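Okay, got some structures for you below.
What follows is chain A paired twice: with chain B in the first complex and chain C in the second.
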Partner chain A sequence: MPAGRRGPAAQSARQPPPLLPLLLLCVLGAPRAGSGAHTAVISPQDPTLLIGSSLLATCSVHGDPPGATAEGLYWTLNGRRLPPELSRVLNASTLALALANLNGSRQQSGDNLVCHARDGSILAGSCLYVGLPPEKPVNISCWSKNMKDLTCRWTPGAHGETFLHTNYSLKYKLRWYGQDNTCEEYHTVGPHSCHIPKDLALFTPYEIWVEATNRLGSARSDVLTLDILDVVTTDPPPDVHVSRVGGLEDQLSVRWVSPPALKDFLFQAKYQIRYRVEDSVDWKVVDDVSNQTSCRLAGLKPGTVYFVQVRCNPFGIYGSKKAGIWSEWSHPTAASTPRSERPGPGGGACEPRGGEPSSGPVRRELKQFLGWLKKHAYCSNLSFRLYDQWRAWMQKSHKTRNQDEGILPSGRRGTARGPAR
Partner chain B sequence: MSRREGSLEDPQADSSVSLLPHLEAKIRQTHSLAHLLTKYAEQLLQEYVQLQGDPFGLPSFSPPRLPVAGLSAPAPSHAGLPVHERLRLDAAALAALPPLLDAVCRRQAELNPRAPRLLRRLEDAARQARALGAAVEALLAALGAANRGPRAEPPAAAASAASATGVFPAKVLGLRVCGLYREWLSRTEGDLGQLLPGGSA
Partner chain C sequence: MLACLCTVLWHLPAVPALNRTGDPGPGLSIQKTYDLTRYLEHQLRSLAGTYLNYLGPPFNEPDFNPPRLGAETLPRATVDLEVWRSLNDKLRLTQNYEAYSHLLCYLRGLNRQAATAELRRSLAHFCTSLQGLLGSIAGVMAALGYPLPQPLPGTEPTWTPGPAHSDFLQKMDDFWLLKELQTWLWRSAKDFNRLKKKMQPPAAAVTLHLGAHGF
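Right after this comes the complex of A and B.
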């Protein structure tokens, strides 16, 4: 049962536009002379109605022999049989239908209301267009790529769905002179967008608006006034390189090139960098990179792969005071920080835990030895603390050996073993 | 379908009479094209009914089979005709289809403007029907069985219009045209198959 939203209980508000001629010899609904067959005409034909309104339709049967009856006729809407209580026989050849509180049309080509004979054969059809007039388009935003074109996007209006095909037309003109122009390349960046590819003036404002039209009416957006130079964007910075900073395990260096299309104009360009750990979706943003083409990221985790992207805001082009529009992010570039030489949690065997031991001749020599090792060998983790641990271990295992020959502190049989090398 | 026909010299002769290799290749090529276009026609029909809304897509939907100017469905007697006569009828139908498909496309551009795939399929169908019709006529000429008389021009879309019709009849008409397109393609494929060695492929 059609049951739409509450709304004005109005009849058809508007007839559909004129129809193109077709290659049809017999119009559905025209009587066929002498055939013995019945046909019918539904009225109204193809009405347009507001959601929530009512419709009174009739199916009038013609036939040969005359005296065709309306008894046994029935209605379907979009293939579903309508309850008989919605219909009544007006006269011998006419069946009426009353629909209330109509829902929005199920398909843009119109809801199919069909009058059937008793045997189910189709006698006539009419398409209902039930919807809403368009609302004023809002949120028009425009941008120019490298000052060469203009792309605009808008939102259809508060409720969006009109259930009817709604045509949107982006119009523009120079503010103080010139004729209205209509954008021609639609749906370039989404369903409600249009692209003006050329012949745009700089240093003079444009007025831009959107007109929405459907079978039930039309609406016009507010006018947006802008100068092309105030809405410039550009390509993402090319050649983004990310590299290590020597052996620094918590830093990466990012370098890029100024976008080539505007590089002669980008005196005040701003850049933004974002980076994330390989397995994360959370980006960190570095915001204050102004007019430079390199930056160093610090405070990073050692031994970790990072993805980095850069984007550019070409504000201040030709003296524009407006903020400019950020470019898209560059393609992600990845690099990893050096692995830390300090052991992580649970590694622990070489972790110094306290201050240096007291000095003595052996310890002084050992200290020199350890300093030499740090410079000339790959065992920078060695420290006095490790030496003291070793001494303590040796004393303990010697004592245990004296107490219980061949028994190790772990309870296993065998000789005492020194620390693992 | 009848398997009697197939030869250049004698339409009644057994189809095992061999054709020139290049002609046979051309027949195979045209037959393959007809086979492919039959599949496309099926897809077009499915897309069409979906966009018109129910009851068009329902199995029980049985609209009146309205006559269409300049084109009728293959007659039941078609299968009994000699193969070159069948192919002449196929070619004539394929020549009549493009303006009908164009008319359906124009109407669907109003009814379903946000259905680019359907509109593209209808445009392609008109082009493909033209191409296959020309290929069949070329084959007939090569077989020496081309139609010698002046060919009747298919009715132009704007010229033979009966009257402005409602949306529902326009939807039904479009369904009829898409159905006829599929029927004639399928028939052409079958008739071309009769020319191949061994009968229908």
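Right after this comes the complex of A and C.
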């Protein structure tokens, strides 16, 4: 006890937490398991076995009072007592165990085989590692961000579960320069991935493979040969802006900037735009946007909010013949098309209910023309309704069939007119 | 359990004392240390659960109590009640500091090759938090004017290779390390709660208490 530092009245006046004395005393009073002088040794110690194989183990007791005996000893495996018929007393101080047709280890740290004394205390233990050697890893795929690094992913071999801890090592070397390198940064994009952050060479192919190793053996994947320039990806285009095109109700203009990291090399870059209406989950994709940094979306619904995203493929970088890898989509940008100018059913209501975002080009252009006419010419009586009335009249006189096919895209005759106007 | 190479901990740079400007007193840092022990206790519960499941039954069974064979070098939290109550502040803090220094060292050595990447990450995260607790305790000691414990020459814990350590024995050591960590955190909460109460005594007792501090 430390000498005399008791603040007398102050300390004793305070009540200690009531739980404390009880629990401390409990811990002090707890009987210590295995405090007897007997110990034992299990053989084999921490063996590694193939699934389905058999094991013969022994537990040999020794202790200070001679007379340590195998009487009353028993085995447990992963906490469960093993049936006595599997055990056999070999001699006065040794108990044997025979296990057959072992299953894969319950946990990768090894099955816990324990030898207990009669009173249940633990005398010794051994970890059993039962599993399979690894299979060849497959499906290696790699990509390089802006030609600065390389990230690779792979899939473990066909059966996956080896029941043993399996270590994967990604190796790579330049094709004609000999020296093997090992990737060091694992699990960057999932459990079977690795990232090589620097010192990558261009213009010479790399050979890449994955080695899988566990206690029972190892396996090596096929070698993947690739050129960094063929697997380049980049950041999504920054600064995506979506804006209206004057008063046009069915168009939006999208502008973006070439991804800065590769901006000087992206002569042939391809872009893709996707857009959707605010409360829809269906994206429409505009696919063939080559090497421009703007695009006009047409055929949109008036008075609607659209979300737009753009992504980039650094195709043909440094003369690579292959398509690169698409970047992630840019953050969604939103904009709305102007509301249709005419109030009432003649306006936006003219747009067929079925949502036909791909209205025929003729119809679309006609709408734009009429809109322009209204502003710039004295044709106040012109309206889309007039056009539709004309078309209805044309259909009635059967002469229209041939004429329609000449004007409108096929299959659209009469379908554009929704019942309710 | 193998002794641990821990020289790095003993050579921690002197922890700067708390803001002297408008010195709020050590009460705030004691409170923070208390809060940290509770937080760590909570973090450890989930880490220990996952780790013991990784070790597999019977290690993750509730009443498991294996022999404490190799774990003799672990700092023990259990202590006689009267001894605990009568610890002076300096000793109380020193015991905490030394205990966590050792425990952190062992925890860092708990580098189970076979553990999943996620488990290794959780362990690393916990080690960082524990390092934070050490820093916090050091802060309290500095605020109260106590020197950080330095090892005597010759008693510095160093790594000594022992007899080949079986995997099962290692599992038992891991079990006891986690248990001892749990017990220490639980005890530290009580230690810092006690210190906290001491720092807010009724006015009359203050002078008495401060007088007792002059070593």
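Throughout what follows, the second predicted complex is superposed on the first by the 287 of 421 C-alpha atoms of A that agree within 3 Å, B and C clash if a C-alpha of one lies under 4 Å from a C-alpha of the other, contacts with A are read in each partner's own complex, and residues count from 1 in each chain.
Simple rule for what comes next: a residue touches a chain if its C-beta (ideal position, glycine included) is under 8 Å from a C-beta of that chain, and two chains touch if they have at least 3 such contacts.
Just so you know, these numbers come straight off a predicted model, no measurement behind them.
Engineer: Report for A:127: first if it touches chain B alone, second if chain C alone, otherwise both or neither.
Structural biologist: both
Engineer: What is the contact status of A:186 with respect to chain B (first) and chain C (second): first, second, both, or neither?
Structural biologist: A:186 sits against chain C, while chain B stays out of touch.
Engineer: Report for A:142: first if it touches chain B alone, second if chain C alone, otherwise both or neither.
Structural biologist: After superposition on chain A, A:142 lies in contact with neither partner.
Engineer: Go through the superposed model and pick first if A:107 touches only chain B, second if only chain C, both, or neither.
Structural biologist: Both: A:107 reaches chain B and chain C.
Engineer: For A:210 in the superposed arrangement: first (chain B), second (chain C), both or neither?
Structural biologist: neither
Engineer: For chain A, give the residues common to its interface with chain B and its interface with chain C.
Structural biologist: 16-17, 20-21, 24-25, 27-28, 45-46, 76, 78-80, 106-112, 114, 121-122, 124-127, 165
Engineer: Quick one: in the complex, what on chain B touches chain A?
Structural biologist: The touching residues are 51-56, 58, 60-64, 66-70, 99-100, 103, 106-107, 110-114, 155, 157-158, 160-173.
Engineer: Using the touch rule from the top, collect the residues of chain C that touch chain A in their complex.
Structural biologist: So the residues of chain C in touch with chain A come to 53-59, 61, 65-69, 78-88, 91, 112-117, 166-169, 171-172, 183, 190, 193-194, 197, 201-202, 205, 208-209, 212.
Engineer: Show me the residue ranges of chain A that touch chain C in the complex, using the header's touch definition.
Structural biologist: These residues of chain A touch chain C: 1-2, 5-7, 9-11, 14, 16-17, 20-21, 24-25, 27-28, 30, 32-35, 42, 45-46, 76, 78-80, 106-112, 114, 121-122, 124-127, 165, 186-187, 191.
Engineer: In the complex of these two chains, what residues of chain A are touching chain B?
Structural biologist: 16-29, 45-46, 76, 78-80, 106-114, 120-122, 124-127, 165, 167
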